[in-house]
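Both of the next two complexes hold chain A, though its partner changes from chain B to chain C.
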Partner chain A sequence: MEILNDYGIVLALAGAVLAALIPGIASAKAVSMGGIAGAGVITEDPSQFGKVLILQLLPGTQGIYGLLISFITLSQIGVLGGSGDISFVKGALYFAACLPIIIVGYTSAIKQANASVASIGVVAKRPDQFGKAMIFPAMVETYAILALLISILAITNVSGINI
Partner chain B sequence: MALLQMRRIYIYALKKDRKQILELLQRRGVVEVRSLLKEDRVFSKSDVSVAEQSLEKNISLAKESLEILNNYVKEDKSLLSALAGREELPVEAYDSFKEKYKPTIDIAKRIIELSKIIAENKAEIFRLDTQIEILTPWVNLDIPLSFKGTNHTTGFIGTLPKPWTMEEIYEKLADYMPLNVDIISSTKEQTCIFILCTNNNKDKVYEILREMEFTLPSLTIDKSPTEQLSLLEKQIGEAKDRIDAAIDEMESYDKVRNDIKFLLDYETMRLEKYEVIGTLLQSKNVFIITGFIPDKDIKALEEELTLRFDVAVETAEPRKKDDVPILYKNNGFSEPLEGIVNSYSPPGKSERDPTMVMSLFYYALFGLMLSDAGYGFIIAAACAFGLIKFRKTIEKPMKNTLKMYMFCGIATVFWGIVFSSYFGDIFDVVAKTFFGVTDLPIIPPLWFYPVEKPMLMLTFAFAIGIIHLLTGLGMKGYQLAKQKDYKGIIYDVVFWFILLIGGVINLLSMKMVTDVLSIEVNIPDKVVSVAGILAVISAVGIILTNGRESKNPFKRILKGLYSLYGISGYLSDVLSYSRLLALGLATGVIGTVINQMAAMTAGGILGPVFFIIIVIVGHALNLGINALGAYVHTNRLQYVEFFGKFYEGGGKVFKPFGINTKYYKIKESTEYGNIK
Partner chain C sequence: MQKKTKLGFSADKNEMTDKLYLYSVARIRSKELGLFSRSDIDQLMNCRTEAECLRYLNDKGWGDESSQTSEQILVSEREKTWELLNELVEDISVFNTFRYGNDYHNLKAAIKQTYKGDTTPNLFLSNGTVEPEVIIKAVSEHDFSLLPDYMREVAEEAYQIQLRTGDSQLCDIVLDKAALDRMYSHGKASENELLSQYVELKVAAADINIAIRSLRTKKDEDFLRRALCECESLDINKLIKCALEGMDAIYDYLETTVYADGVQELKKSSQAFERWCDNRIIEFIRPQKYNPFTLSPLAAYLLARENEIKTVRILLSGKRNDISDDIIRERLREMYV
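Our next item is the complex of A and B:
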């Protein structure tokens, strides 16, 4: 068990890195889906650029949430300055705390991109319905925000646990 | 929080005044024309589709020519010109345009013609260039490419694939001497040759050449390549001259650009007029305009019309089944949000305008999600700058957008100060890195740091959510009161109010809940038990009454139970406000991280330069992405959580017959006629 404790930081860092990695990948994919759909609309009606851009960017936030969790974890575990003395259990806890945003961030970004693409279709045909079209992808994002919330709360409180 | 009262209006007038009356109405822009009367034997609608088509043609002509003109002659435009709004012109400019009308249309047509000439000549140049490319390898040949031979000889002019040397060709053709082989040019891809042989050998030579994959040139010209080349060069020169001439002529039309713009507006106005004429009921000498008009504008319009023309104006209350258009009336604080309500849906029949109540929350929620005083200041200052710089000419929708973001920015500054976020923690970082200050923070928060006490922030977010939701429920009560559905108020609003508040009090009395939320609440036991009892009574009330539209008692109870289950909806609605915390933290933490990264580079002589660059770029990105997030999610909270409690919409916005032009406006037009 004593030897394992050297690896606590590894687990924690793995969580932090995955939090930036996986939702980042998903957001990149999601934003590109929106971009492809948006480019089609722009060829027909360049004046819709602003609206289409907003819809394209909506699923990009998961990557930022992941980054956020990653930063908070890095600063908590002492990689960004400080001591990196973390027990194995604590490392595992940090890893677990990162999981919500890693998993939900990934799926919700892709699913949100589907909704975004559909909404871009709405804007192409009925630019005046932008307000409603924007809400559909935003509904999906709720779950990414909830996951982000749990990840934040878990990570900021793990350091207080005495293990 | 109000909508303007609308009335039906009927204007009866003589046909000889039709043009003047319509133009007057168009400039006033206070009447939405609708067909409210039926056609009969005397009064009928006239067909204006021919006139409309020709106007539409002119409009697209003007649009196309403007687009072309913009491609060739750039218009001087500053980045901010979008804010400047349309230029104002006196009525005389409109009236005197008739003289310029014909020449302007001709110029517009000429511009389109010129763009065709340019395109044709560009294609010509491309064609000639291809010919030159084909001819270039033959430049050393001094006879025409079409040369076939003399009386006794036959000439073969063409190409062989791959490079060939003179010897290799002679070797192949050795049997058919005498003959002459010239290599005109040779490259890696092909060898251009000229072979002259006697007539009696020509078939055999040709056969061998074919085995060598000999091909004839794709051009047959009677002139020698050099001559032909110079001819082609000349033709290209001519085509270029024609293009230059066309572009020069195009540039000379720069000064009529404004006339073409006016033509576009002029025809747009006329088209709108004709569209109205198409809906008018007309007899031989009389016509009737029907529609809706805001109550407050009736008097002025009636006076003006009766003073100038022989007309009869009549107004009436809208009927029950009328789809009365919506015109908002809000103060300067709430007005900017009318657009947000419209993009959900304008208030439907018997609904109140929610803009005012919404505005109380909208700016605050936006500010909470962005929650950085620096970012808020940038947004507010930029909007204020635009509003002041263009205060005279700015169009209403643009003005409202800027005002909305200005208020959002001010709210952001407020929350930024409450939670002490100034571009993340820029003051602390600068003080620490460059001045070695250790007494941090420089500006302590008014309340607390959300990063340090996220649970407290979460509780605060939930509290705001509960207030927001209860306000929505209150709005429902207000609407029911206006409809005089007092039973509905008790069943659908009061019961829920008591249930929700009772539930919250009971939750707060549990130690587990207050521990999780990290707050301390001391509610007297009596209050808790009373609240509990009241909540249970309300729950029973909801079960008994919320299915009241069903006659069957069993079904009614089931429906009531299902309504009570709606309390889970309230739970998820409240949880939804956790985005206030998440988005607020996202802005703050990313801002802090940017500052940290900048501080890492701050050493050395160039350090401050890197520091400034990283800070500016990083915060610009963070501001952009988080302002977008704040905007989207504020709308979501308003649309889904808040409107979901009481608002359906489904109305139509008041669209008066007016001057809906793109570039110019006519001076006398009034406030609502200027929608772009």
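Our next item is the complex of A and C:
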């Protein structure tokens, strides 16, 4: 068990790294999908640039949420300063706390990209319906925010657990 | 085309975003705004003469500087559609289902031209999979190795029929069947539901028309077997049997198939049945207006444009020949938008 405790920080750091990595990759892919569809609309109607830009950027937030969780975790586990003495179980708890944003962040970014692309199609045909079109991808954001909240709550409270 | 990077990731150009045709579909969504709706067709119908119709079409951006006659305007519109599709997809062969027909039409024209020894202008169609010049050269030099594998044998057969027997109808039948077979196999192999449905309807409609024409002209079983093309929605053997029995037998058989709704139209005339088929195509492509991904919305746009051009051609022809508005309206197709 003593030897395992040396690896607590490794697990916690793996959680922080994956929280930045996985939702970041998903958001990059998602924003790219929106950008490609947006470019199609702009080719025909450049005046729609502002509207399609907003729809393109919507699935980019998951990457930001992942980055936030990564920062909080790094500061909690002492990588950004302080003591890095973390037991194996605590390291595992930090890793588990990162999982909501890792998994939901990835999935919601890709799904939100699909909704954004569909909404960009709406803007192409009915620019006056932009407000309604924006609601559909925005709804997917709810679940990324829920996952972000749970990850924040879990990470900030793991340190208080006496293990 | 698939390449692996040093890290082992797939660097195929057809990665997810390309297969989804995100750029192309978004652009097509904007282009769909320019398609004629029912009200545009009504406004065209309200024009009293063909010249007025042409002015309306010009105002809508139809035709180009060089197109003056109605046919030139329609040809120019078809060219614009293909130019757009060429821009939208990296590999235009995804639309080969729609291009094979032009190849076989050109082959037919080249064989007839060689047989008669004359040249008729504007006989050849562009946007096939093989350049018309290659087909003309292959036929005139009797060197079918210039053609793709799938065309060589049938080109030789049709060439020999035309040159030895002079039977243009048989030559046409052989090439029409080859075109349908090629289109059908490509459409089914595409694994795209829209293309699959399209070729199914096209082949079945052609089979039904051939069966009826053969019955009227008293063709025998051998002719029917040579002309009809296999498809999933029709039993060719039953259709041949019915075509040898009589018109009622054909109607009775079709009542048992997915084409039962078209029987009433077929009883009216073959033009009414053709209109029913065209409307059915529009009916099944219409959901693509709400599909943001894949090749299907692009194929739907192409079919919608073809339908639009055909509708305008019918309308212009009616106005030119002083046909009453009621009769013209009966012939008009449903619109995509």
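Here is the rule we go by: the second predicted complex is superposed on the first by the 163 of 163 C-alpha atoms of A that agree within 3 Å, B and C clash if a C-alpha of one lies under 4 Å from a C-alpha of the other, contacts with A are read in each partner's own complex, and residues count from 1 in each chain.
One rule holds for everything that comes next: a residue touches a chain if its C-beta (ideal position, glycine included) is under 8 Å from a C-beta of that chain, and two chains touch if they have at least 3 such contacts.
The structure presented is a predicted model; accordingly, all values stated were derived computationally and were not measured.
Partners chain B and chain C, once the complexes are superposed on chain A, both fit on it without clashing. Residue contacts after overlaying the shared chain place A:Ala14 against neither chain B nor chain C.
Looking at the superposition, the partner that touches the larger set of chain A residues, chain B or chain C, turns out to be B.
In the superposed model, A:Val79 lies in contact with neither chain B nor chain C. In the superposition on chain A, A:Tyr65 makes contact with chain B only, while chain C stays out of contact range.
Looking at the shared chain after the overlay, A:Met33 reaches chain C, while chain B stays out of its contact range. In the superposition on chain A, no contact is made by A:Ile25 with either chain B or chain C. After overlaying the two complexes on the shared chain, residue contacts for A:Ile54 are found with chain B alone; chain C is out of touch.
Of the two partner chains placed around the shared chain by superposition, chain C is the only one that A:Gly121 touches, whereas chain B remains out of contact. When both complexes are overlaid on chain A, the residue A:Val89 reaches neither chain B nor chain C. Superposition on the common chain places the nearest Cα atoms of chain B and chain C 8 Å from each other.
Residue ranges of chain C in contact with chain A, taken from their complex: 17, 20, 22-33, 292-293.
Interface residues of chain B facing chain A in the complex, by the touch rule stated above, are 340, 342-344, 451, 454-455, 458, 575-576, 578-579, 581-583, 585-586, 589-590, 593, 596, 625, 628-629, 632-633, 635-636, 639-640.
Note for the complex: chain A touches chain B at residues 54, 57-58, 60-61, 64-65, 67-68, 71-72, 80, 128-132, 134-135, 138-139, 141-142, 145-146, 148-149, 152-153, 156. Contacts from chain A toward chain C in the complex involve residues 32-33, 36-41, 43-45, 114, 117-118, 120-121, 124-125.
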